[in-house]
Every structure is written in structure tokens, then in C-alpha cells.
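You will see two complexes here that share chain A, one where it goes with chain B and one where it goes with chain C.
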Partner chain A sequence: MHAQPHDKGVSVTDINDLVDLDKGSLKGHMFTDEDIYQQELDKVWRRAWCFLAHDSMIPKKGDFLQNFIGEDPVLIVRQKDGSVKAFLNQCRHRGMRICRVDQGAAKAFTCSFHGWSYGLDGSLIQVPREGDAYPDDFDKANYPARPIPRLTNYKGFWFGTWDEEAPEFEEYLGSAKYYLDGYIDRWDGGMEPIAFHKWTLPNNWKFMAEQPTSDMQHSEITHVSAGQVLNKGSDAADRTLRGDNPTGRQFFSDYGHGGAWYGEKGSEVPNTGQAMQKWEAQPEIAEQIAKRLGDNREIRGHLNIWPTFMVLGNYTIRVTHPRGPGHQEIWAWTFVPKDADDATKDSIRRDVMRTFTPGGMFEGDDALNWEEMQEVLHGRIARDSGFTYQMTGAPIQWDEGPYPGGSTKHVFSDNAAINMYSNYVDMMNAENWDELKQLREKHRMGKSN
Partner chain B sequence: MTDNVTNLLAAVDPADERAITRFLFEEVQVLDDWQFAKWLDFFHDDTMYWAPTQTDRYPRERAKRISAFGTSVYFEENKVQLKQRVDRLLTDQAWGEAPPSRARHLVSNVRVSAGEAEGEFAVKSNFLAYRSMGQRSQDMITGERSDKIVRAPESEWGYLIKERRILFDMAGLLIKNLTIFY
Partner chain C sequence: MAEPIKVGAAGDIEDEEALIVPADTAGWDDDIAVFFSDGKYYALNDTCSHEDASLGDGWIEGDEVECPIHSAKFSLCTGAALCLPASHPVRTHKVEIRNDEIWLYVGVPADGQEG
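Presenting the complex of A and B:
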């Protein structure tokens, strides 16, 4: 529906010509150029750890979920022995999608083109006419669905990468582990998703990735109308508690992750719905959290694990998928503590639905911004003028108090965005993970090595 | 899946059928004219306005395709909550709709059946909502409304919407947001 002519206006292939992080400037080309996009699929999406599924989405043997790594469709499947395997959702015969539904339960996956059939582990188990039309030395073992070679289960969340040389997931997280755990490792009973929304937006994927990584400040302006009607008389957090001149902190990690929250240590203002706050204030739950996290860890505003695993304090947990330089899909789950009472779970579900889903009163305004930014970039001059990342007034601190890694003593800062794009440029330049690690060490911000 | 064919034996007085059809046409006109405060007057004080999501499933799991009330929904609004959405649009700072989009709702296939109680009607209709924004942006979404409409002498139109379920036909939405009403 939306006019989106293929962008062939300018032939630019070198990311280094488009980014000047010392001057805090990014050129619009990097959000429109098809050559850059093809490089991203190879150098970012093939190398990064990407979110695949949560344990509770595929509880029983044969349960599966279709997801994507970049533009590659993958199937994540619960095996007979309770383990999980994941593989490319592409038939090794003629390349058809093996499985054409979003989720379900299966005993095997049979391609609906010529009938090649794959087991739950992705191995090729049946080829029609194998006996009479194929040569004797044809061996099915040579044609499994392509497995994702590296999988890890991080506290119930499955991540995978195509890159055999990628560091272990916890090393990839780096200092972000402390902050991610502050959202997902609070409760003994773990988490479960109770709602799901999927939609498509006409904008480059990086516009959105940047937001939970680094951009809390847009909320004051973009979301002013939602705050006016939801601060009172809704399930949402009361955002007026942040004050007119909010304090807070923003963190960033070596491999591009970032996030931020409101308030000073000990008087934080979490971006968490009222029911969740009340449920967590119960002594036995508060005790659980303190025991699991070891400190009074309240860091819940927003967070992104590079490239696009996003968590907001109200517990929308989502992943986005690039769809060419000018489009993306958002896949967003609403998570709740498994042990919470039904009323608390339902309040969290309603809060997320009414704020951060396609009909959500915050989300709809974000979509408009990103669409307009992408639209303006049809202009030759617009693509060449730089975007500005100069909100770096507050200093970067390292390992400050309980906060590991680099962080900024302000909830509003471009530091985490600059770090995100610094990691992005290094990924685009590095030939392999060894080189990337060296580049990241060299480009660590605000710290003399 | 519930059987979507309405029961002809439950057909109602043609006068009600005509009046309710007109009621639905007036309602979308008010929407397209951005008279959202007036639009709320079409709803019963005890209304429920909701919209399930859909996923692609195997034919054998088709029953799971449409999400249930209280699970994955785009809307689940009582009248107070619906009013919050309206109030937001009327702040003139709801940037997704400021400047306002130009929308046109087409409502068709209206089928009015008797409801569960006297003075209550089960009304099915289909809709197509086209939206134009700015110079180049346009989108469109279709779906089915299942309304519970009650006779209400206190209403300007003689009827009120007690419940509306909106079933969008897209599984993953291909429009950027649902900032207007359906």
C-alpha cells in the first residue's frame, strides 16, 4: 500500500563514508541504501546473537515456532528429549518454505511442493520416489535443513547465531547482563508470554533499534498525548512521578546494547505498570527479588540487546526483523511473572496492549515518526545531510557504584546510540569476530585503556 | 470457529433491521467526520469494544487461529477506556493523527438477527477502512464486526452498542498503527 520505490538513487557501499561518530553525525544513506542493507544481512545479522523463542512458547515435544534471523526464516522446535533445535525453514530440494504456519505442534515437517519431509530435528527423513527415481548413492543424510549451529538458553530465552566464531552469549552480553537480568531474572517462578502482536512498519530497522537503546528523551514530546490521558485511571505507570527535570541513568555495552531508567539510586521510577509494582512490593516477592539479584536492582525503563531484542519496563518483550532497507516487522510478546495472580497478569496485559501494540497509545506515534523519517530520505539532499548525535553533556562513568560497564549519569543521552552505531560500523568493517573484538576494545567510549 | 452464517429464522422486524442498518451507517459517518465525542454516544455505558488477533495455523489447529477475549487483542476497552483513546486524539498532540488522517469506513453485508433477550440484536457486518495521510501515505484494512446492539429509548438513534468484536482479516498487520476506530 505504501509507495516505497526501490532506492537506487546513489551507489554508496562504504559505511565509513556515512558515519562520523567523532562529530556525532550519521548520513541518511545508511537507512536507505540497498548495498548497505545487503552488507548488514551478512555482517550484522549472520554474526549477531538473535532472539529465537522462550521456553514457554514451545513447552511440549513437537511444539514449534517460526521466527526470523534477519530475513532468514527459522524454525525452533522442542525435541522428543526436551531439548531444542533450530534450523532454516527452507527445503533443501528446491528452496520452498518447509513450514508455512506461525506456530503449532508437529510430528514432522513436509514440504508442500514435492513432499520432502524433515524430522523435528531438521534431518531429512523422507524423499518421495527415492526408491525408483533417484540413483542408489543418493544419501538423505547429506540434505538436512540447515541447522543454526550455535544455540543458547539464557534464563528461558533462546538465542542463536549462524557464526561459529561468535563469543559465548554471556560474553556477547557483557555488562548488559546486569541490566537484562534486572528485567528477566527477578522471580523464582520465571516468566511466560500471555499475548502476542505482529505488525509491519515502513521504516529502516535501525531507527527503532536506537530507541530502547538510547532515546528516552523523545518520550517527553512524541508521547505527550498518551501521558495526558493514561497517567491517571489506567493500568500504566504514572509517568508524572518522573518529575519535570528527570534524573536517571543510561548504560551501554561493548557490542552495541544499551538502555536507561528514571530516578536516582534508591528512588528509581520504574516504567512498570501499577499492578506489577504492587505485586512486587509484597514482602515475599521483594525478598525473592533481592535474593536472586543480590541487590536492590531497579533499572527498568527500556533496553535493547543488539541488534533488536527489546525489553520495556512494562514487559513488552520484542524482536524486530528487517525487511529491506525501508521496512521492518515488529514481533512483540507481553510477558508476566508466572507466579503472579491472574488479576496482576491481566493488568500487565491490558497496560501493554493499550500502550505498546499497533493500537497502543504510545506505539502509534512512534510509527508515525519513523515513517516520516524514511519518507524524507527519498530526497537526494535529505539522504546526504547528517543526523545529529550531540546530546553528550553528562559524562560517561565506568563501573560506577553497582552499575557495571559504561554508563551516563542522565536518563537523556546520545552516548548509548553513539556506542550502538560504533559497534555497528565495527561489525560492518570487521572480517571476523576476532577482528571485531579488537575494534571494540579500541573504540571503547570514555575510557583510556 | 463459530458458525458465521446468521440464522434466517432469527430474522427480526424489518423496521428494526432498517433502523439498525442506518444506525451503523450514521456511526461510521461520525467517525469519518472526527466527531469522536459524539461517536462515544453510540455505545452503551456498559459496553465492551474489543478486537482479537489472528495467527497462521495448520488447518487442523484452525480453532486456535483467532485469539480469545482476555488474551492477544488489539483493543479491549470499556467505555471509560474508549473515552481515554478519544481524549488522546482530541489533545491535538497525538502525532500519529495530527494532522488528522482522512479515513473512510465502508460498512456492508449487514445482517440483523434477534439477540438473546428481548430488545437485543446480534448484528454482523463487514467493513473496509481506507485511510489517507499527508501526501503519499495510505493504508486500508478490512474486517468483520460482530455487534450486540440493544434497543435504547434514551439514545438519539433508539439503539446502543453493548458489545463490538472487530475481527481484522490480517494476521500480521500490514498497516502502521490502529490509531483510529473500527
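Presenting the complex of A and C:
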């Protein structure tokens, strides 16, 4: 299927010309092309379920957080009755940002341009001079802030989508539910964020999305120096325990999610920091985890819920926002078990700070790769040549043992990346969710239907 | 002098919150907001003198309330407008606590205020 021209005489870049998944090849243009990017905003970002907030970020009535779906700013607001609503942070009058701060508590949101005022639910409640300067038939009910029509709370995490036809969130998660639960549904007391960093990087958003989805193998090269240093640290997981030929597994889900972890059932290796390991080893906590997750509970490593909700084993939990084809913004929280003692929480905080924050060692390693890749793509020859996804030696298994969905019996594999891009291409080609579902079923990897 | 009406019991209004007495109940031309702040009770006409907004929904701190819509501030004691965009006061009403009950004197200015 070929995309239609926007306007007469203007050709549109066709994603199908840039991707050949059978050959494991992606052309650099898909990380640089403005036209592809604009298609992504429409076909990926307004259609996917995106992370908005955690319950603990907006505990009380009137509490709000500003976040983004793609490039669209949205407000997520705790209502007076305890429910949550979310809407586009754009005034219906002249398009100013309704609320200019990142987070706070509000009784109402008043635009600082002309003073149109919105209730906590986004309804337009007050228009200055309505009585004497507007016609009688002007009706405020016609101009609410644009609501995000679909919201869901998944175990404390709020997700939203603009697409009324999107499947329910759990259907969207598919097999990823099992793996995500392994990170976020372990403890009776739930989770809370204790640190928050935001930064921007000069690279295409897909470079980063791909990594927690599929790429564990870079870590043994890119991060080898940092890993060496951190292994001596009191907070980090001891990465030497993984050995030279590590065991592990990678999973992928229909709608582009993926992840991987070291170790396997019966011979687990630590994927979390030392304080977390110690805290979770306490009998009453271990019992909680076993009760909630069953006997297979060490599946933590890295994970991405497409498009960009990322969770790592040391509990940096983040969302990234695209900022044009060549930039992205990262919003990264450090989450801890709410019931953990202060020393454990602080150890988790330090470990994440040293690794996955703007000054973190792993983060700096990764940022260098992505920035260089983006720089190289300024070259015309470079953009035309393909990136290679051929690490598919380990076979895909379906519903193997305790592992639902498709997974690969190797911690190093390109399968989840290929699946992610397969879903991406299907989103770019599909006109609606029904079409997308059909395409995904057709393109399910490693399974004869 | 009008007879007071009972609008609640002490403790019904949490600190820095307000209770709205509807105009019909009060027999008045506006809703009346009864505020509780720092251990004291106050009452004002609920509608901001600037635009249509409920002061009872506003930010209450000390003896001031800030309109939730355009941030005009009013004195809870005198009803005076303390900053733009409001420039006119709002009407005060007398409140009294009797036997742990909140009694509102609709139309009677708070003590020390002109009618």
C-alpha cells in the first residue's frame, strides 16, 4: 500500500520503501525524514496507548500533571470524585497553553492570555466578557478543552489514547502484560516515584525505543567500562554473575512491545540492585511476590511498551517524547516499592542516578551512540544504506513454559526489534485499528497460524 | 434584624474550606460562602465581583480568599478586593458559633462592617 500525496504535486515518503523486514534491513531515512515523522505523529502517536501519569503523582483532588502524547501537550487531572480526566493543554480560544506549569494543584485552569477558564474536567466554565461582549447564542458547552477519549488505570499507571477504536489497554498489552506485571505488580503496597529527571537528546525517538524492547547485546560492549566500575559499587546488580555466555530470554508482543532478562527459571541471576534483592528476600516480601506473580518472578531486565513506556530492572521508569525526527525528550522517574525502608529506597535512587539519568554512566554511553548515528545520517549515502537486523539465530518459541506469547531462548536477539518495526510499519500503513489488527495477525512472527 | 439560619455544625467545614449556602436557602440574591480558616468562620457573597466565579471554591489562606478563576483576592473579614482584576468588594455576612452550631445572619454585615 502506498501513502497518498498530501497535496497535488507533493510526493510523500513511503515507509514501505525504507523497510525490508524479510532482509532485516532499515534505511536511515526513517530516522531523519520529516515527512515520515509527520506520518508517525498521525498514525503512531494518535493511535497508540501512551503513558500519562502514575496515581502517586496526582494523589489529591485538583492535583495535575502535564505530559505529552507525541508532541501534543496534555493535562492529567485528579477530579473531585477521585477519578482522573485528561485533555489537550490548548485553549479553545486562541490556542495558548491552558496551564503553563508542569505539575501542581488547581481549582480551575485559567488561560493566561485572555482568561478563558476550564474546570478540572476540562469543561469551559468561564469566559471573560461573556455577558456584555459575546452574542447571546454563544455557548461555553461547545468549547471544552479537547478530552483524551480513552483513559485506563493499569495497576496505578494511567494510559490514554486519542483513538476511540483502539482495543482495550490489556488487549493492547497482549503477552506483555505478564512481563510488565513482573516489574510493577510485585508488592502489596504498590510503587512511588522518588526522583525525576528530564532531558533532551539529539536523536530519533526510535533509536531509544528499540533498545529496551530488544537490544541487550549492546550492553556487553557499549557499557563494558561502566559495568566494570559499577560492579564494585554497593548499590548495583553484580553483572559478573551473568557469565561469559549468559542465559536469558527475550519476549515480544503483537503491538510492538518487547523486553529481555538475564537468567532463567531455576537459575536466576540478579537483574535489580543489591538493596532491592535484599529487601525482596525478606520472607514476608518474598511471600507477597510469590502470591502476586506465581513462582516465575525474575523476568526483570529491560522492557518497552510501544511506543515509549520503558521499564528497566533497576527501576528507572520513563516515557520519551518525539521532538522532530532528530530529537527526543526523556522523562525518567526512579520508582521504588512504597513499603520499602528509606535505606533501600535511597540505594535504588543512587543506583539509578549513577546509571540512567542525564549524568548516569549507561545513559551517557547510550546517548553517544544515538547522537553519532544521527550525525552520520546527515550523509546522503549514509541515509540510503541500510541498518542490519540479522541476529535471529535463536528460534522463536510460542507460549513456552511459563512464558506467554512469542519469546526467544536467548537474551541477545533482534527478534523483538524486528517485531517492533513490523508493528510500526503496520501502524504506518493501516488506516484504522481494524486494519492494524488484521495486519498484525498476518505478520505474527515465528508462528504458523 | 433578620433571624439567623443554622447552616451546619462546627467541624462540618474543614480548615481552608468553605460551605456554600444556596441563594434559595439563604433567601438572598447570591449564594453565600461560609469559610473556615485558622479556627475562624467568615461569610461572603459567593460570587466574585469581577466575573462569574465561586469564591467558596477558591484558595483560602489566613483571612483571605483567592478567586479560583482569575486570582483576584478578597479579605474574608471585610470583603474588600485586595488586588486586580477585582476592584469592587464583595458583601460580608455575620457568622456566629452557638452551641457548636454555625449560624449565619444573612444580610447582616460582619462585625465592624458597614451594611
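Methods note: the second predicted complex is superposed on the first by the 436 of 449 C-alpha atoms of A that agree within 3 Å, B and C clash if a C-alpha of one lies under 4 Å from a C-alpha of the other, contacts with A are read in each partner's own complex, and residues count from 1 in each chain.
The working rule: contacts are C-beta pairs under 8 Å (C-beta built on N, C-alpha and C of every residue); 3 or more make two chains touch, one makes a residue touch a chain.
Since the structure is predicted, the reported quantities are computational estimates derived from the model, not experimental observations.
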Side-by-side fit of chain B and chain C on chain A, or clash: fit
Which superposed partner A:T357 touches (first chain B, second chain C, both, neither): first
Touched chain A residues, chain B compared with chain C: B
Touching partner for A:L201 - first (chain B), second (chain C), both, neither: first
Arrangement angle, chain B at one end, chain C at the other, chain A at the vertex (C-alpha, nearest 10°): 80
Touching partner for A:E375 - first (chain B), second (chain C), both, neither: first
Touched partner set for A:V224, first chain B, second chain C, both or neither: first
Contacts of A:E287 with chain B and chain C, given as first, second, both or neither: neither
Touching partner for A:R100 - first (chain B), second (chain C), both, neither: first
Superposition-derived minimum Cα distance between chain C and chain B (Å): 11
Those residues of chain A which chain B touches in one complex and chain C touches in the other: none
Chain B - residues contacting chain A, complex: 51, 53, 55-58, 61, 67, 70-77, 80-81, 84-85, 87-89, 91, 93-97, 134, 136-140, 171-179
Chain B partner contacts - residues on chain A that touch it in the complex: 1-3, 100-106, 194-202, 222, 224-226, 228-230, 233-234, 329, 346, 349-350, 353-354, 357-359, 361, 363-365, 367-369, 371, 375
Touching residues on chain A, where the partner in the complex is chain C: 107-108, 110, 115, 117, 125-126, 128, 130-131
Chain C to chain A touching residues, read off their complex: 51-53, 57-59, 68-71
